[in-house]
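Take a look at the structures listed below.
Below, chain A partners chain B and then partners chain C, in two separate complexes.
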Partner chain A sequence: MTLIKKILLFLKRESKLFYSNIVDLFSNILFFFLSIFVFVFSLGADQELLRTIGLGIIWSLLLLSSTLSLRKFYEDDFNNGVLTIIHMGGISYELIVFLKILSHFFFVQMPFLASIPIASLFFDLPVNEVYNLIFTFIIGSLILSCLSSISASMNLLNKTNFAIGSIVVLLFSIPVIIFSVGINNPDINVNSLINLLIGIALIFLGISPWSSAAFIKLALRNK
Partner chain B sequence: MLLINNLSFSRNKNIIFENLNLSLSNQSITQIRGKNGSGKTTLLQVILNILESETGEIFWKGKNVKKNIFNFYNETTFIMDHNTCTKKLSVMDNINFWRGLSSSKLTNNQILLLLETFNLQKYQNTKTMYLSSGEIKKLELLRLILEQKKLWILDEPYNHLDDLSIKILNQTFIDHKKKDGVILFTSHLNPNIDNLEVVNF
Partner chain C sequence: MFNFLINPNKFNKFADVIFKPLIVITSLTIIVGLLLVYLSPLDYQQGLTVKIMYIHVPSAWLALLTYAIMTIYSVIGLAFKTPFSFIINKAIAPIGAVFTILCLLSGSMWGKPMWGTWWVWDARLTSVAILLVIYVIIIFLNYTFESREVREKTIAIFILIGSINLPIIKFSVDWWNTLHQPASISKLSSPSIDISMLQPLLVMTVAFSLVGLIIAILRIKAEILMRKNYL
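Coming up: the complex of A and B.
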């Protein structure tokens, strides 16, 4: 019971921090829309072309936008010792990471859901593709949150080259993009792709708490 | 209460301390005194299992700390040399977070009284980023009373404090000692506390 209270307390703190950093979220969403404008204006008014490549562009930009908030994942709490204090409060590093992933998923990724239908208008995507995009984004963004956690915790060990974290996210998210964009291919079974995405999400949900916690512990020892 | 046996730690082949033995009994205040860079903070981090020792063992109430780490943490408050409060949250938000984390039984009225003692009551709803270094340090030290733990481990607790706050802190130490508490702190200063045990480092 005490642990559940502590978990709820942790999530409450994360939500408060999210509201105090809401400008960051708006700048991420602004980056997303401005990048879409750049693509739309550079590709011209070919409606068929925009419709064909729209889904891929939206997914790629969602991915790039989510890497913008990577640095915020652990850095502040690590540098000021809050992670140690929370751990001393009886929460293992693995659970801290899991809760951080959940809060990143809800407070950083989910607000993008609202921007997806608007972004789809610029590419004139059919309604069923927009539904598919939203559905794959919900699963894919959970995978991205897990990847962000791993790379952000790796960054704690490497304070000089921040780009490495983003590279890790981009590299491992290629399968997510392939399966997410492939969902609108009429020759492919939708259910099998969704099952694959859910499978990847579950694998990363299993791996990331342990790997990120190991990186955090290592970083604390090298602090 | 706290027994440190043959503790050694080195970093990058530099020996920070070697075969260190220390015993802290009930109702004791122990200062680890040493100049800057002598390894005082490292020692506290090794005791708290944040850093891993090369040799030696630490026992709390007769039980090996490493094997019962959460039991040990459950009875320990650690005040770091830097501030652990979240600067984007208000004073009260930070206090409520610490209170929940340590399952403290202190009531809202008692907390308000504490804030008054440390002259922080007017900043209850102010984000901590707008507080001075001394005020943030006082807020941090509130955790000692808030968490109601038996063992207090503090790293340079006198930094940024004015004379009045130092007096209040010393009195808080003495009160905790009378309540069967154990205090271990590092400092390069010579605080005015009766029956203070000093370990030169």
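Coming up: the complex of A and C.
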């Protein structure tokens, strides 16, 4: 069996798992919308105010709701031994992590993309801001997938301190937030910000397979 | 020759030899440094508040230096599986956290009279605050996992990931337009600070690092003893 066929089979398995678990994703999106409602109710329905701060709120709530299903990233595969079986099939842990990140990006983060235009309707955002938001979210969500992979693999054996996984994601996502929300600042050159975001994405795409695989190997040795 | 940097027994012996002279030198340096700070001239714009610099700058440097040391030891520990690296990581993380807190506190006390605010969201301040969060996470991770091997290696890998922040802190004042001034001393060219202020600053830096070294030696020795008892 060639490597490409193995990779395709892996992605097929991920998609099957995703469709059997689709209610989880819908719950995340529901959480996202409900938290927008909570924000709007707590700030008051001032149209001008909401328009100025809408982008930041949408980004931070997207971030928070993507940390909700964090623990499911590797936990099931780790507990029932699928990770070891896939590794025995001839895929290195680094490649497994990379494929997991890609499938998380396509199957979990991309559905959020559909909810962004609806969410920006609630805040009455201008059209070019919505375009910017969607564009930065495509790059930023890739970074978020990498961060989720790092923190989920870090906490595989963590039985006591559950919050630290979300803390790690929030911590390293600060540059993403800064550059993604800063794109609407008229003084800043848009191209340079996008280049910076792509640069951060490439850095994390390089770091996360190595570090996640190291965490997974460590956890498997001490299971 | 430098075996005491990776071997616990040799470290213990070396620390026993240098500990008492170290205390004497440290107290002398602190006294001389404080005297020099007392005698140093006032700034023509900032007045007396410039003397906060002699606390603020050394603690900021040492916060960064502590993290750099932890990064180097994490690389060594992951590559060569030396247990002493993980002892160091556990022992000096709180020291770095305290230096970072000291830097942030003195900085905000300096910022209130000079900038008119305790805190601004500029790149240098934010990145140092992130450094503090990273230190706190490292300390928390020390109490999280059940198995010791998992704990140590997880912390080491996390330190390596978090070391991305170090160059960001260093170059944040050059990359962005910040309220915080750019570096006066660590340029390759001659320092842009007057010699009468540079001397007390350097002496205070040496004093701070010696104090940090003494606390680090005590903590490392305690950690070695604890592990000997448990194993």
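Heads up, the rule we're going with is that the second predicted complex is superposed on the first by the 221 of 223 C-alpha atoms of A that agree within 3 Å, B and C clash if a C-alpha of one lies under 4 Å from a C-alpha of the other, contacts with A are read in each partner's own complex, and residues count from 1 in each chain.
In this text, contacts are C-beta pairs under 8 Å (C-beta built on N, C-alpha and C of every residue); 3 or more make two chains touch, one makes a residue touch a chain.
Treat the numbers as computed from the prediction; the structure is a model and nothing was measured.
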When chain B and chain C are modelled together on chain A, clash or fit: fit
Touched partner set for A:85, first chain B, second chain C, both or neither: first
First (chain B), second (chain C), both or neither touched by A:25: neither
Which superposed partner A:194 touches (first chain B, second chain C, both, neither): neither
Touched partner set for A:168, first chain B, second chain C, both or neither: second
Touching partner for A:68 - first (chain B), second (chain C), both, neither: neither
Chain A as apex of chain B and chain C, Cα-centre angle in degrees (nearest 10): 100
Which superposed partner A:214 touches (first chain B, second chain C, both, neither): second
Partner chain in contact with A:205 - chain B first, chain C second, else both or neither: neither
Touching partner for A:150 - first (chain B), second (chain C), both, neither: second
Shortest span in Å between Cα atoms of chain B and of chain C, once chain A is used as the common reference: 7
Common interface positions of chain A, toward chain B and toward chain C: 221
Residues of chain C touching chain A in the complex: 78, 126, 130, 133-134, 137, 140-141, 143-147, 149-150, 153-154, 157-158, 160-161, 164
Residues on chain A engaged by chain C in the complex (per definition of touch): 150, 154, 157-161, 164, 167-168, 171-172, 174, 203, 207, 211, 214-215, 218-219, 221-222
Residue numbers on chain B that touch chain A, as the complex places them: 48, 50-52, 70, 73-74, 76, 78, 80, 82-89, 93, 97-98, 100-103, 127
Interface residues, chain A side, partner chain B - complex: 2, 5-6, 9, 13, 16-17, 20-21, 76-77, 80-82, 84-90, 220-221
